[in-house]
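The following blocks contain the structures, represented as structure tokens.
Two complexes, one shared chain (chain A), two partners (chain B, chain C).
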Partner chain A sequence: MEKLFQAIYGGILYGSIYGLMAIGLTLIWGSLRMLNMAMGALYVVGGYLTWTAFKMWGTPSLVAIILGVLAAALIGLLIQVLLINRLLGRSSFFNAAMIATVGAAIMIESAALLIWGPRVKQMPPIIEGHIKLQGVVIQYQGLVIIAVAAISLALLGVFLRRTRYGLAIQAVSQQMDAARLMGIPTVLTFMIVATIGAAFAGLAGSLLSSIFFVAPTAGYTPLAKALIVTIFGGLGSIKGTIWAAYIIGVLEAFLIVYFGAGFALPVLFLFMILMLVIRPSGLFGLGEIQRL
Partner chain B sequence: MLKITDLKAGYAGSEVLHSLSMQVGDGESVVVLGPNGHGKTTLLRAISGLIRPTSGRVEFDGQIISNKRASDIVAAGVIHIPQGDLPFPELTVMDNLMLGAFRPDAWRVRKQKLEQVFELFPTLRERPNQLARSLSGGERRMLALGRGLMSKAKLLMIDEPSLGLAPFLVENVYETIRNIRGMGLSLLLVDENADHIAGLADRIYLLEAGTLIKEGGADEMLRDEALLSAYLG
Partner chain C sequence: MIHETAVSDSGVTRIAQRLDPAAGPWAKPNRVALVATILVFLAMPWVLVSFPIGRFALHLIILFFIWGIVTQSWNLILGVGGIFSFAQVSFFVIGGLASGVVAQQFGVSPFLTIWLAPIAATIAALIIGLPSLRLRGPYVVLLTLAFAELVRNFATQGPKWLAGGGYGLRDVPKFGFENLLGPSTGKVVYFYIALFLFGITTYVIWRIFHSPIGMSFRALRDSETYATSRGVDPFRFKMLLFALSAFFTGLAGGFLVHYNGSQAPTILNFSLTINLLAMIVLGGWGTFWGPILGTALLTALPEILRGPLDNWRNMAMGLSLALIAVFAPEGLFPLLSRGFKKLFGRKDKTEAG
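Moving on, here comes the complex of A and B:
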């Protein structure tokens, strides 16, 4: 019972983080049909900026988190404007864009190494204290992360469904030609999507800086998990990605609690491979739509 | 209002339109007739900026639009209702319509526009929350027309309004287009047969192999059955 509860709580916590990391990947896939491999680096940017604002500049932790998110958003926008926008319309767009983002990720990690050095950093908890439920220790900070993730994903949903540019983002991902015929400026829409995606990765890095260490290469594991989540949920599907985030989170937590941490990643990859074999477009994927 | 001069356009090295020149006057209704595969859709795509003309000029209201982006061409008032409707499949009827009013000047008056569109297409009013992908062919066509009319269109371009529709719906669609005409828009219709355009077209162009081979007043051209049947089969 205690183990079960531990697994469920841990699963929701992981799921929250994966949701934040994966939502950007899926949004960007939806509108641009490319993988943004710099998401891990943007996660790191969020973590470092939050740490720096809090430790070096002495800002309150809420401000530090906001600064982390803004920094990641800004760099995400720069990657879009300086690299991706210049590749639009090429026949090899998918590969070129993916490699460009890998390059951007390496540059960001190297810059982080130069600026912050090789020693890992850690934020103190955003909020101290814990409760004990069914014998399981639940940190308040875990609850904060779960709540912030849920609220920010819900706000994104409202933005996508209720606002002019939110609808435009959906339009671009579903029917590119028609979106252009509605007068939607597609390049601007891509920039908005890239910025939002980066902000979410930054939020994940920022929130997690008080649980995990911040290091230049700390983004790789979250990126790998986010890729598993988006492929499992269906690239381009927001609903599928959020479902998959929590499913994969809970699955991982169960594997860790019942079988040990070593099993988690291999089994998750196995799951991803099985999904690709059985249902290549994922739970709710857009399928094989070639466009750009 | 719309003036096309020596337009050349095509796809990846193969030219589809060869030095095409034509115009649509203010409030005029023009139909371009041509068999399948002769460049009707390419013509509309080149005007609306979905493809960039390789040479030539498209002017609208005295401004050159052939070097502009699709979004700016829509902002100028040129609205293209594409072949195959191209609805946003995972969005509701309402959201599809709202996207038709995406440009700020249309967005501000979207409520009034929506009322106009619902009056023209009562079926759409009954199912605002249905996903576009679950609509029937006829409903999709109405959605495509309605979505186009949500904009601040000055010139409405319609690509084969009867394509793929059940025969009993076809006359219905042309009747609707006649009503749209009464709203004071200019109209540019491309079509592959002349059966339904009487009373709709002011002027007709015949398009063959990427060039306009004949032009004339609709009444006299439609009377010339020999010409039309020789040409359209």
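Moving on, here comes the complex of A and C:
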């Protein structure tokens, strides 16, 4: 019973983290049809800026987190404006965008190394203290992360369904040519999407800076996990991504609690490979239309 | 036979002939240039070894040969096949592990075990190719990334004879030329072996580039539907591409493990994959000379720029990747060769090295 409770709590926590990381990837895939490999680096930016604001400038932790999110969003927007916008419409867009974002990721990482040095940083917890439930220690910290993730994902849902810009994003991801004919400014929409995606990665980074260490290369694992989640849920499907984040989070937590941490990653990947073989377009994926 | 399907398919062959008349099996390479290049490479180690930093320079060139093999064969998948596979370094490591573990555990001479490396890598490529080559674009990226992570997990946390408790393979038997012939002459022999492997790989890949098979690979990349309707079986050709590419990569991995005498699992970190990708992209992907040029540049430049600029190396690499993607998506080699042709105004094949 204790183990079960532990696994469920851990799973929801992991799921929240993965959801934040993956939602940006899936949004960007939905409208731009590219993989943003700089997501991991933006996660790192969020973590570092939150740490710097909190430790060096002495701001309250809430302000520090907001600063981290804003910094990541700004850099995401810069990547979009300086690099991706120039690649739009090329026949090799997928490849070129992937390489450009890998280049951007390397630049951000080496900048982080130059500014903050190779030593890992860690934030103190946002809120101290814990409760004990069924013999499982639950940090307030974790509860805050779960709540923030749920609220921000819900807000994103409202934004996408209720606002003009949200509807524009949906229209572009469903049928870009038709959206353009209806007078939707696609490039502006792309920029909004890139900023939102980067902000979510930054949010994940700044929230997690108090659980994990912040280091220049800390972004690779979250990026890899986010890729798995996105593809498991079906690229471009927001509902699928959020479901997949929590399913994979719970699965991983169960594997860790019952079989040990060494088993979690290999089993997860084998599960992924099986999933892709059986259902290549993911949980809620729409399938791909093959074009000449 | 896959090979024969391509050759006997008259349509494919005819296109190949029309596009590339200079490179068919009947074409004679430029003999003078070829012999001169070979002679330069044969003489180079003896000249270099007489300088004080010569042994280090030789080491760098050997590394260039090894990474050159890997980038050339990865370019086959990425550039010629248009398949975004991130499993290349895993094939390299699998090759190294296969040869290293057998040599270490059973005390077999590395000269015999190194042949296990390409075989193991090819089998691994076929296993990962089976599910991933039926997928497209981003799904291939993910599946191969997942495979790379699995291999990394295995190589760091696997059984002790394989992962060495997280430190990778250590104290693998070396080829042992440095003990036999002294450090300088030993290095020269290593240089010749690496040169031989590099030469074989380069020749085979040159043949693939200029053969109906290479044409089929490119046709599948550019329009899978059209290529299929012209009789190119996508699955079989992609499997062949994967197998060929992994074969040479595994061979290079086998050589490196017996050259270094160890294999650290850190080479499975993402940074090496990105470094190799940068070599291909910088040089010009999908072109024959591109990866060679890129590997030479990115092996030599960091050593020349060593010192105060050390911290800026990665920054420069990231920046050049981004710039290349935006301004010169085909890479440096097509750019240079076009500039060269414009300057000298006659059609000639540039020789690298």
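Keep this in mind: the second predicted complex is superposed on the first by the 287 of 292 C-alpha atoms of A that agree within 3 Å, B and C clash if a C-alpha of one lies under 4 Å from a C-alpha of the other, contacts with A are read in each partner's own complex, and residues count from 1 in each chain.
Going forward, a contact is a pair of C-beta atoms (placed from the backbone, for glycine too) under 8 Å apart; a residue touches a chain by one contact, two chains touch by 3 or more.
Computed from a predicted structure; not experimentally measured.
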{"item": "Joint occupancy of chain A by chain B and chain C, clash or fit", "value": "fit"}
{"item": "Computed vertex angle (chain A) for partners chain B and chain C, CA, steps of 10°", "value": "90"}
{"item": "Chain B versus chain C as contact partner of A:L87, first or second or both or neither", "value": "second"}
{"item": "Which of chain B and chain C A:A171 touches, first, second, both or neither", "value": "first"}
{"item": "Partner chain in contact with A:I228 - chain B first, chain C second, else both or neither", "value": "second"}
{"item": "Partner chain(s) touched by A:Q122 [first = chain B, second = chain C, both, neither]", "value": "neither"}
{"item": "Residues of chain A touched, compared between chain B and chain C (which is higher)", "value": "C"}
{"item": "Which superposed partner A:R180 touches (first chain B, second chain C, both, neither)", "value": "first"}
{"item": "First (chain B), second (chain C), both or neither touched by A:T59", "value": "neither"}
{"item": "Smallest separation in angstrom, by C-alpha atoms, between chain B and chain C in the superposition", "value": "14"}
{"item": "Chain B and chain C contact sites that coincide on chain A, given as residue numbers", "value": "none"}
{"item": "Contact set on chain A toward chain B in their complex", "value": "161, 164, 167-168, 170-171, 174-175, 177-186"}
{"item": "Complex interface listing, chain B residues touching chain A", "value": "48-50, 69-71, 74-75, 79-82, 86-91, 95, 98-100, 102-103, 107, 147, 151"}
{"item": "Chain C partner contacts - residues on chain A that touch it in the complex", "value": "29, 35, 83, 86-87, 90, 92, 94-100, 102-111, 113-114, 217, 220, 224, 227-228, 231, 235, 262, 265-266, 269-270, 272-273, 276-277, 280, 288, 290, 292"}
{"item": "Contact footprint of chain A on chain C as seen in their complex", "value": "82, 84, 131-132, 134-139, 141-143, 145-147, 149-150, 153-154, 157, 223-226, 270-271, 274, 277, 281, 311-315, 317-326, 329"}
